[in-house]
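Naming follows writing order (A, B, C and D), and every chain is counted from residue 1.
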């Protein structure tokens, strides 16, 4: 019995055996397939014409994912801990909406949650070799979290301030109907997205908007500078490294 | 008496005692609450339905801020200097608009100025530990002020020149009704915001706009390069450090 | 015979003789001319007025390119290998559409494929001296391919997730008619392009959009950091290096 | 006589005497004033109400600039060389349009050329101390000109290729009425400006546009990387060049 559990664990949770690799590939295939099915089902044309087939495929995949979830619970060393972990919840959210849609048709809108299955890809990515790269990007972000906090609070203050100013200057007829909407406009402008659904009409408003753009343009340099300078720092010594599997610190071998 | 003043000073202006920390947290809470109230009050729906409650909460907060302002004046070593400092003025601007709206209803439009309270957050940020990070970002900006000045004057010349050119090429029917408006368009384009409220219609105008975009695209690299190279410079020696409290240079301890 | 082949080879495939250089210049001229002709022909006005002249010039250029293609086949050491190579296929695609349009008028829409001729420019660029620079840019990209893969899969997950969320929040009346369309919107927003053809209307949608923008704004720093830190890495060892002075590979000193 | 010329030369062309500095400040004032006048005159309201005053001020400034131009010609060591230099032509273009507008009213549209006066500012900037910074930015750009050329030709090829593809996919009803217009759209998209005056409507078009955006988003990193890595290179010694092969200074051949 314990040998069977161990064997299933090796296949499902690890990827260094041929069976484990095959399982990972099949899982990626079904995850991507199911995400594509959710997308297709949201297209009105597709839903009307192929709805019944999409539903069938969806059911099939959900059953497969349910079996997989049961096996994971079965072979995990600490089932409750797995069920409560990030990926355990994502695995559960991947199968619940379909059953909810069947047994409680009123909850059909939950179906979109199935798109969260795309997060499951990351479980497998964890195991491939470029995990280390993701880790170094993450470390660079983590090391510069204070700088990023200062940057974000500056941006926040600027958009709240400029948003309120534009609400005073432009008023409702220019589309700036409230302060939150003006702040939304300020974020759209400062990040250089610029939809154009709200745009200043008065000369004074356009001058303030121009200043905000040039400032935003300069500020775009700050996070780039932060990330670049962090990424170019010499690699931190071993005690900064954390094992991506077990979460423990890696230590020098004696 | 002097002991009471000293004690209040420790609570209000410093944050290394439990009471000081509690005061700072309460202050942040009320500042954020009051900013949210100002925003909600600007929403027409909210104003109509909850206007009277919002006004009440606003009055309460203003009274709290007035007491705080009075205490600051009372316990500051040089009250006039505090009143004339940046944060002293912000503290005053945080309470004046509400009273102005009550005693002179015609000045009600001043209410939006209350959003300036958001700047008060920075007083508290000053004291927490990532102050140093903000300082290093600021030093990086300050050290590269000449480069930024050259960069900004180049951008300014380009937008004035291209704006005038587009005014000649496109004319009023394309939305380029005057040179200042064309310069506004050039800034919107060069910073890659691109609202689309004004856009070139003639082939020649579109060619000039394309050139401006590619140039702006390349120029985006310059401030990034400036900030990044400044941030990666080895930390400057002590004589560059300035105390954030008193503005004096920090010196090596003997 | 073999001498003739060798001589033609030197002229067509190489560029270090006066004849080879003249051939390259003429080829660049005709490529650019033909690309401009294809563009002009797509303008309805031009097509109506000068269509017959444009067709004539097009025929002439196609004949020249056909002769060139035949000569390349003739003098290449391994004609089949040339025909199957990237540039061999581009050379063939440069002449087929014109003949297809003449002999099978129904295939006239293929004419736009002729624009692929612009790729032929790169054959000649290969040989000029800034080839080395392109190479170093390419190496920088190649060395950071794992980081770029992590970055792209993160971006993909974010846009799929936020796109689905916005489909739930905004629904069809806001323009978010299906999940793929919402994902398209999320890409348009996160890359800060921001057309404004689809834009959130509900307050909740605008809050989610604001978060996406600020995140996208921060993420813009990651590829910049990757490329910059790769470009500043000390030059890779000798077997990858080409001397920018003499064009020869640099070798380890004995 | 020669002493007078020398004295005028010192005042006009140099700025290290009190008189020279005063002259520079006065010149900057009149240049900015005249640029503002040109802008105001382009506003229909301003032109109707204050047109005669603006014309008067314009005439006065033109006369001052004419005297200055005459003095420059008079005291320059080689008057013809000055007249043919970049700044000599800009100085001439600063005064011609006003006279042309008076003596040949049909040439009134030339008036906008007066905005070129803004370029004259750079003559004075030349002399102030941050000239050196502009120089280092310029050197960074110049040293990376090969990389920038590779980058620009890649961008050009991509926009020509994607523009033509979108012309095929979207066609006239989506706003992609011709290949040049589609290329314009591709530039607007790839530089993340995104006006939204032309936007893909078909699903296939939106997929291609999404790919272009993500690619453009990654490519934005390349010029930043180029400029940053150039700006961080150790300052080159006087003769500027370091051999990329051996790291030794390149010296003049004996």
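Here, contacts are C-beta pairs under 8 Å (C-beta built on N, C-alpha and C of every residue); 3 or more make two chains touch, one makes a residue touch a chain.
Model, not experiment: these values are computed from the prediction.
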Homomeric contact chain C-chain D: same or different residue positions, threshold half: different
Repeat of the A-B interface, chosen from A-C, B-C or A-D (over half of contact pairs identical by residue number): A-C
Cα-superposition angle relating the copies chain C and chain A, to nearest 5°: 90
Between chain D and chain B, distance of the C-alpha-averaged centres to the nearest whole Å: 30
Geometric centre distance via CA averages, chain D-chain C, whole Å: 29
Centroid spacing, where centroids are CA-atom means, of chain A and chain D in whole angstrom: 42
Touching two or more other chains - residue numbers and ranges from chain A: 180, 183, 192-196, 220, 224, 226, 228, 232
Complex contact set, residues of chain C against chain A: 146-147, 149-151, 153, 157, 160-161, 164, 167-168, 177-180, 183, 189, 192-196, 199, 203, 206-207, 209-210, 213-214, 216-218, 220-222, 224-226, 228-229, 232
Residues of chain D defined as touching chain A within the complex: 192-196, 224, 228
Contacting residues of chain D [partner chain B, same complex]: 35, 38-39, 42-44, 109, 112, 115-116, 118-119, 121-122, 125, 129-130, 132-134, 136-137, 140, 148, 152, 155, 180-181, 183-184, 187-188, 191-197, 220, 223-224, 226-228, 230-232
